[in-house]
Structures are given as structure tokens and as C-alpha cells.
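These notes open a run of structures that come right after.
Below are two complexes that have chain A in common, paired first with chain B and then with chain C.
Entry: the complex of A and B
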């Protein structure tokens, strides 16, 4: 289980997305991105942590060098790659961290404690229930397509993108409809519609660790605001 | 405990009732089995017992279904669900959360039980079901049998008076069915009242106290276990019910064979032979071999049954056979009628009918569906009539029943004109009639000269369909026999 609470993760989401609206000096962006990477280490995911630190480093160096590239098509492409995609890097780092360390039950529990209404919590939990199945569904559908002689190679998929999309979407959605009916039965017979107050087995606590990580984030945020002002 | 009195139910927009004047009783601590053909109304009855009628399925209900004297359908489903636990057919689609612990806690969280209470009950239930080691696993990482165990455990969390199981065995393999039997036995020992809706009956022998047989929505028979055991075969099959004892099923009157196997090949002219030599496969380089087949020849004369435990290499074998996977090295030889075949050629020459056929239906009508990618369009009329699809050709595949969808998938396999067809667990969730139908379709494929390989755990089905049984264990074929014998031992 993650050592960082969902509350802090919400803070990270807001912070990372807020960055998209401002242009900050490169060293500050680098510091903020490394701060995001540090959460992987805090949660003991050392290898992942280094993985993201390396990617961050590649983009930092790339961004620095990109300004030196010539003013032609290739130069612009390099510039776009590092600066354009680099802009999204903090969001990706945060996204990867949160999706890798958060249990759906933690998220639901937190949302309930924040008094988010049921009509948001239930569809959201169903959505998370579906995500992990999509990869397996996709694999099965691709296999089925190969037996029918449709888009047997990856190249074919790109040659007829619309056709391919259709052949993937139709069974994917049909299947989702069937699963949704079954899920409705299973959850209704387990009391999902109970109007009384709900409880959670999982405890979500805002700890000292959360506080100190958030404080670091706030300092960086303050720095960013100071620069922007 | 439970008593249904003259229950008649008509779904909204349906012309006629799905069940009529059904009377049923389950006393405290007993196990009632409700059986009958697909579409006989078993599931409808279960929905009245667990309150999905009228919550999810609306319609007109007459008569009374009483749980301890209280009408089930007039209480809100969240209250009824505390007293009636429900387990459904498909282990993959009945869990709502993503990890085992949360799945078990889910019903109690909905009821508003405090954390200490949930924890205590969770300990009790996980000990009872022996699933302590699974608590921190992801639901997606469990086997079908484990998922089904968790589903039963989860519906026992609220300590219900009655447990209702709707075809709990249909997606399980033999061993998981044994585990299911052990769980039901344990629950029965604890005095749980159970209603089990099932096609497959053998595992309930010795557990069931009563058998209720439905046909076209009516109760046609109500039998004690001994009467059920002694039910004569003709009558049992007339009611579309599978055998209670497996030794009896082998003597099942199966659809007549059209001539011997030798004659069958006549239409295609000759026997096709696929020889496989030096086949090895590992999922990652250098890792242990997931599959090793030294020399094996498959013939279009025999319908070959492939059996084995979960993870024994059956699916890997099928994927290599059909060219979805490529073998480890170049020394592997696949030769069809003496001609070597590459993985790409095998893919072009083979077809697989999945366990879950929903993934292989792409079109907006059944007619288009079975013609998609077809090379034998000339067989269209014949196949449509033999597989009883003529009246369905204009329907959307997703509006069909499970058995109908499967017939469409098999029709597409036949019209594809491929020489090898692999069927993966083609009988999960099928009643006697549909199981026999699958056997007939497979025989028809063989008569067209198609080489058919069936992966299955269904003893009744394997015995009546295949002439050759290959057992896989730890990635190797370890037994190759024309006799199946006892499936559990054959594994």
C-alpha cells in the first residue's frame, strides 16, 4: 500500500496540471519534475524512480541543446520534441506515479470522505474496474481479427486506420455492454444502493510524511508563483 | 425458509410468461437444485428470489415468493441483499472492486458496518474459505476458480440466510469444480440454505436434497436425490438435463454418427495430416520452456481433445498450432500433408473459436458476420441451415443468446475455409441440448475434412465428441490415448 495518501496525490494532480499554464525557467521546472519523481522513492519503488529521473534528465539536456539546433525543419522538430513534449513530462510523471500506487478502494474512500456524491463515485469506480480489462480485451480482439484475415500485421492497422478502429471498437463496446449488465447485478445484490452512510475498510490518513512532502511542493509552487509574478 | 407459491412472471415487452405457476421450497439448511434447458426459466426464478426482479428487470409478477414469510420482491434490494447472497455464472464479471480484500469488504461497506466489524468478519470468512493468502492479490490476477471462491466468500460476508448460486460451475475447470463442491459441502455443514441453478449436475451428487426440473417455465418434475439418480436416461434427456453421475454420461445417447470416421473423410477426398517436430516455446528468452513437443501428428480423421490443468500449456500449444505465436528456433517443423508451413501460413490456414466468443463478433448482422473473411462462400446456405441460423441472419450478433452467438462463431469458422479449427472450451455454460449441438457441428466440420482440435474440461462433452485425447502436463504432451477414462485421473 502506498505511503502517500490520496489527498497528497490530488495536490500533485492540481500542481502538475497548473504548470501547463505557465512558462517557468528551466531549472525550476527541472526541480519540480524531480520533486514529482521523488514520490516513487518515498513509496519504495526505487527502480521506477531512477527510470523517471533518467527520462527527466534526457529532457533537461535535450531542452538545453534544442536551443542550439539550426533554424530549419529538423531543428524545429527537435525543438518541438523536447520543449513541446517536455512540457507534458511533469503530468506524465505524476500520472505514472498515481496510477501505479493507488488502489481503487483508497480513491473511493477518499472521495466519499470528501462528500463527493454517489452519482460521481459509482461511475468512477466502474470506470476503474474496466481499465485493467481493456488490454486483455484488445489482445483477444487482435487475435480474432488475425483469424479473419483483417489487419493481420501492425502495418495493415495503419494503412486502414478507420476500418481497424471499427473492428476493434465494435467487439470492445459490445463486450463492455455485457460486462456492465453483469456488474449491475453483482453490485445490486451486494447492497450498492443502500442509502445509509457507507464505511470503508481502508483507512486513508494524512500523515506527517504527507505534510512534509506537501510542504516541499508548496515551497516549489511559491517559487514558481514568485517568478510568474 | 424459502417458499415460492404459484409464481408466474412475464418480462416487460415479452408476450408470454417466462415462468408459470412455479412452486418451490427450500427448508433451512438444505440445498435445492433447479435445473432444465437454457431458457427454461431457471434464471428468472433466481431473479425473483434475489430481488433483481423488479430492481433491474421489470415485468408482471403473480403469486408469492416468500423468504421467512416475507415477500422478496416487495423489499428494497439493499435490504434483501443482506439476507440473500448471490453468486453468478461468470467469475470475470461479478467483482466490482479490483482487489480481493476490498471485494470482500464491499457488501459490508455498503451496509455501513464499522471498520472493526468488517475486519473481524473478513478474518472469519477468509479462514472459512481458505483464502487468506489471496487477500492482497489483484482480482484480475486470480484464476477462474479463485475468482469464483472470492465471489462466494463475498456474498457470505453479510451472513445471509440463503445463498443463491446461478450456474456457478459453468466457467470452471474440473479441479475448480471439485473446490466448489468442497465449499458448498462446508457451507452446508454450517447450516446454510442454498439454491443452486445448474446444468452440470455431477458435482452436486451427495449435496443436493431436492431437484426441481423446469421446462418451458413450468415445473415438470420435483425429485429426491435417489429418484434423480435413478431417472431413466430417455426421460432425463427429454427434459434437457445432464447426468448426475459421470459414469452414466459416457453412455449418453449422443447424436448419431454419420458413418464411421473413415467414411467421414470421403467428402474432402483424403485424410489431412499435420506433423509437428522439435517444437519449443519460451515466453522470454532463456527462461524455462513453456512448451516442448518432440514429435506429434494430428489427423483430420480424429477429433482431438486437448486436456490438462490450468497453465499446463494447452493454450500455448493452440497458439503455436494456429500461428499466433512463433516457436523458439528454426529447427521446429510444422508439415501439413508433407509440405512445410511457416507461422504465417499456419495463421492463414487456421481458425480459433474462443471461449468468450463476444470478442470475435464484428458485424451488424449475423449474415455479414459469417461471411466476413470467408473463403467457402458456397457453403453459406448449407451451414446456415445445419447450424440453425437461417431465422437469425438479419439479427445483430450481440442481441443473440450465448448458445446462438457460439453457433455464429462456429459458422464463421467453417465458412473461413481453413483447414485447422481449434475450439477453446466450447461448452462452458451449455445445457445438454446445446452441448449435443456443438458435438454435431464439430462432426460436421470433420466431414468437410477440417482438422478439429478441442480444448476442454468437460468430461461429458469430451467423451462423446473426441476420438483421441492428448494430456498436457508442464508444457509437454504426457499421454496420448483413444480413451479418456476418468478426467481427473487423466490430468
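Entry: the complex of A and C
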């Protein structure tokens, strides 16, 4: 379970996306990106943390060097690559952190706590629950296809795209319909539609660690605002 | 939204998952092909390819949950995904807006019957996935800033982008329209052929 609460992660999303609207001096952007990377370390994902620090460093050096590139097509390509993608880097760092550390149950628990209506929470939890089923179904469908000598190789799949689409879609969608029926009865039995408050094994709290990380973020944000003004 | 029962909500979740897989697949494929040539520009073709691939899922959803809210919620869930996954967060907005519009057309105006309106609603929904194109605008701004810093004049910069902005938008829109219409057509075909609705299914 993540040591940082989902609330702080919401704050990170707002921060990283707000950053897109402004052009800030490179050192400040670098500091903010490293701040985003630091969350990986706080959560004990040391290797991932270094991984993202390295990428940040490559982009920082790349952007610096790209200014020295010659004025031809390749130079422009390199400049666009580093500057353009580098602009999106903070958002990607935050996204990677959040999708890597947030458990579905944490997210659902937080959304329930924020009184998000049932008609969002129920489809959302079903959605996540359904991904493994799709993967499993797909594997079995492919096996069944190969067994009957249809599209035995990946190349064959691309040679007859319409046929492939139909052969994969129809069983997949058919099964989805069946699963929906099963899942509905199962979850109704377990009281999914009960309007009362839900209990949860997972506790989501805004801790001291959250507060200190947010404070650090606010300081950087303040610095950025000061520069913009 | 209150007319949706628990079973409808579960159905919506399942079809959203399938739609999501289609989207991931389309993004991966286009990213793989065009991403190497022009980084970031692959998102121009993504909406069209998504629309092409996800037709059957959408058509089946409108068939199985013919009530107001289904498409809106699906759009909302896709938007939520963009919000938390390292895409530009405002990509959220087109999906929700397009989902709502498509929903109104499909269930209120068309009463979930008319085939033409179903095509049209799918076309509108397809434009929801144009959200990830928006970062290109930010990338462009960053690029312009870097060119200015490199000491280029404004005229030079305008010259660089004169050929890019207009046509790319047209390409993006027309690819999306063609993809959506083809997707709607194949989708309707598959659904009619294999999922003819059995009566009295509540």
C-alpha cells in the first residue's frame, strides 16, 4: 500500500498540469521534476526512482545541448524532441508514479469518502475488475482460433483484419454479456446497491508525511508563481 | 442517472473496460508506427483509429443499456483515466462533453431507435478521444519559446508553423470522421449479425 494518500496524488496532478501553462526557467522546472521523482523514493520504490531521475537528467542535458544543434532538419528534430517531450515530462512522471502505486481499492475508498455518486463508483470498480477477465478471454480465444487453423500467426491477423476483428470481438463481447449477468447477481447479493455507509479494509488518511510533501510542493509552486509574476 | 439499475451500471463498467482496451490497442499501434517519425504527432491519428476499432463495443452498449447516462458515464470513465495516467488532465473535458452530447442525441433525441442518429452519436463520441491532441499545443509553445531563446525572429517562427497548424487539424478531423463512420458501420454489422436482441431481457 502506498504511503502517500490519494489526496496528495490529486494535488500532484493539479500541480503538474498547471505547470504546462507556464514557461519557467530550466533550473526551476528541473527542481520540480525531481520533486515529483522523489515520491518514488518516499514510497520505497528506489529503483524506479533512480530510473525516473535518470530520464529527467537525460532531458535536462538534452535540452541544454539541443540549443547548440545546427540549423538544419535534424537539428530541429532534436530540438523539438527534447523541448516538446520535455515539456510533458513532469506530467508523465506524476502519471507513472500514480498508476504504479495506487491500488484500485484505495482509489475506490477515497472516491466513496469524497461522496462521489454510486453511478460513477460502481462502473469504475467493475472496469478495473474486468481487465484480468479480458486478458484471460483473449488468450483462450486465440488458442481456440489456432486450434481451428485460423490466423495461426500474428502476420495472419493483419492480413485479414476484418475477419480477425470479428472472430475476436464476437466471443469477447458475448462473454462480457454473460459476465455482466453473473456479476450483477453476485454484487447485488453482497449489497453493492446498499445506500448506507460502506466499511473498508483500507484506511486512507492524510498523514504527516503527506502534509510535509505537500508543503514542499507548495513552496516550489510559490517559487514558480513568483517567477511568473 | 437514477433510472440506471445496478445491472446497467455493471454493464457500463464492462463495456467501458472493453472500450478502454480498444483505445489502448489503437494508441499503442499508432504510437508505434508514427511515434518514431514525429514524436507526439501520433495522437493526431489516435481518435480515428480508436473510433475504427471500438465500434462494436459502443454499438453493443447502446443496444444493451438504452437509457440516458450510459454513454455519459463511459465518457466520464475514459476522462478519469486520462486524469490519473499522465496525460494532460484537461483531456478529461472533451470526453465528458462528447459523451454527454452523444448520449443526448442517442437516447433523448433518437430514443435509442434511429440508426442514423446512432451513427451521428458515435461520431461525436469519437471526438472525445481528441483530448490527448491538446498537449501538442503546449509542445508547440515550448518549442516556440526555445526558438525565441535561440535568437530566431518572430517571422521565422511563424514561417515554421504556417504549414503545420491548419492542415494537421484538418487531417486529424477527417481521419476521425472516416474512422468513426467505418467503425459505426462494422459495429452495427457485427451487432446485428451476432447479437440480435432477445426480447424480454431486463
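To be clear about the criterion, the second predicted complex is superposed on the first by the 172 of 229 C-alpha atoms of A that agree within 3 Å, B and C clash if a C-alpha of one lies under 4 Å from a C-alpha of the other, contacts with A are read in each partner's own complex, and residues count from 1 in each chain.
As a working rule, contacts are C-beta pairs under 8 Å (C-beta built on N, C-alpha and C of every residue); 3 or more make two chains touch, one makes a residue touch a chain.
Everything numeric in this text was worked out from a predicted model, so none of it was measured.
By the touch criterion stated above, A:123 is placed in contact with chain C alone, chain B being left untouched. Of the two partner chains placed around the shared chain by superposition, chain B and chain C are both touched by A:179. Once the two complexes are laid over each other on the shared chain, residue contacts for A:134 go to chain C alone; chain B is not touched. When the two structures are aligned on the shared chain, A:105 is found in touch with chain B, with no touch to chain C. Residue contacts after overlaying the shared chain place A:81 against chain C, while chain B stays out of touching range.
When the two complexes are overlaid on their common chain A, residue A:170 makes contact with chain B and with chain C alike. After overlaying the two complexes on the shared chain, residue contacts for A:67 are found with chain C alone; chain B is out of touch. Legend: residue contacts after superposition of the two complexes on their common chain; A:188 is shown touching both chain B and chain C.
Taken together, the two structures place residues 125-126, 128-129, 166, 170, 174, 177, 179, 183-184, 187-188, 192-193 of chain A in contact with chain B in one case and with chain C in the other.
Per the touch definition, chain B reaches chain A in the complex via residues 50-52, 55-56, 76-78, 81-82, 84-86, 88, 90, 92-99, 101-102, 105-115, 118-119, 122, 138, 140, 151, 154-155, 158, 322, 324, 347-348, 350-352, 354, 356, 358-363, 372-373, 397-398, 412, 416, 418.
By the touch criterion given at the top, residues 103-105, 125-126, 128-129, 132-133, 137, 140-141, 143-150, 152, 166-167, 170-171, 174-175, 177-179, 182-203 of chain A touch chain B in their complex.
The touching residues of chain C, when paired with chain A in their complex, are 1, 4, 6-7, 9-18, 20-21, 39-40, 53, 56-57, 60, 64, 69, 73-74, 76-77, 80, 83-90, 135, 138-143, 145-147, 149-150, 186, 190, 194-195.
On the chain A side of its complex with chain C, the touching residues are 9, 13-14, 17, 20-21, 23, 63, 66-67, 79-81, 83-88, 91-96, 98-99, 102, 117-120, 122-131, 134, 162, 165-166, 169-170, 172-174, 176-177, 179-181, 183-184, 187-188, 192-193.
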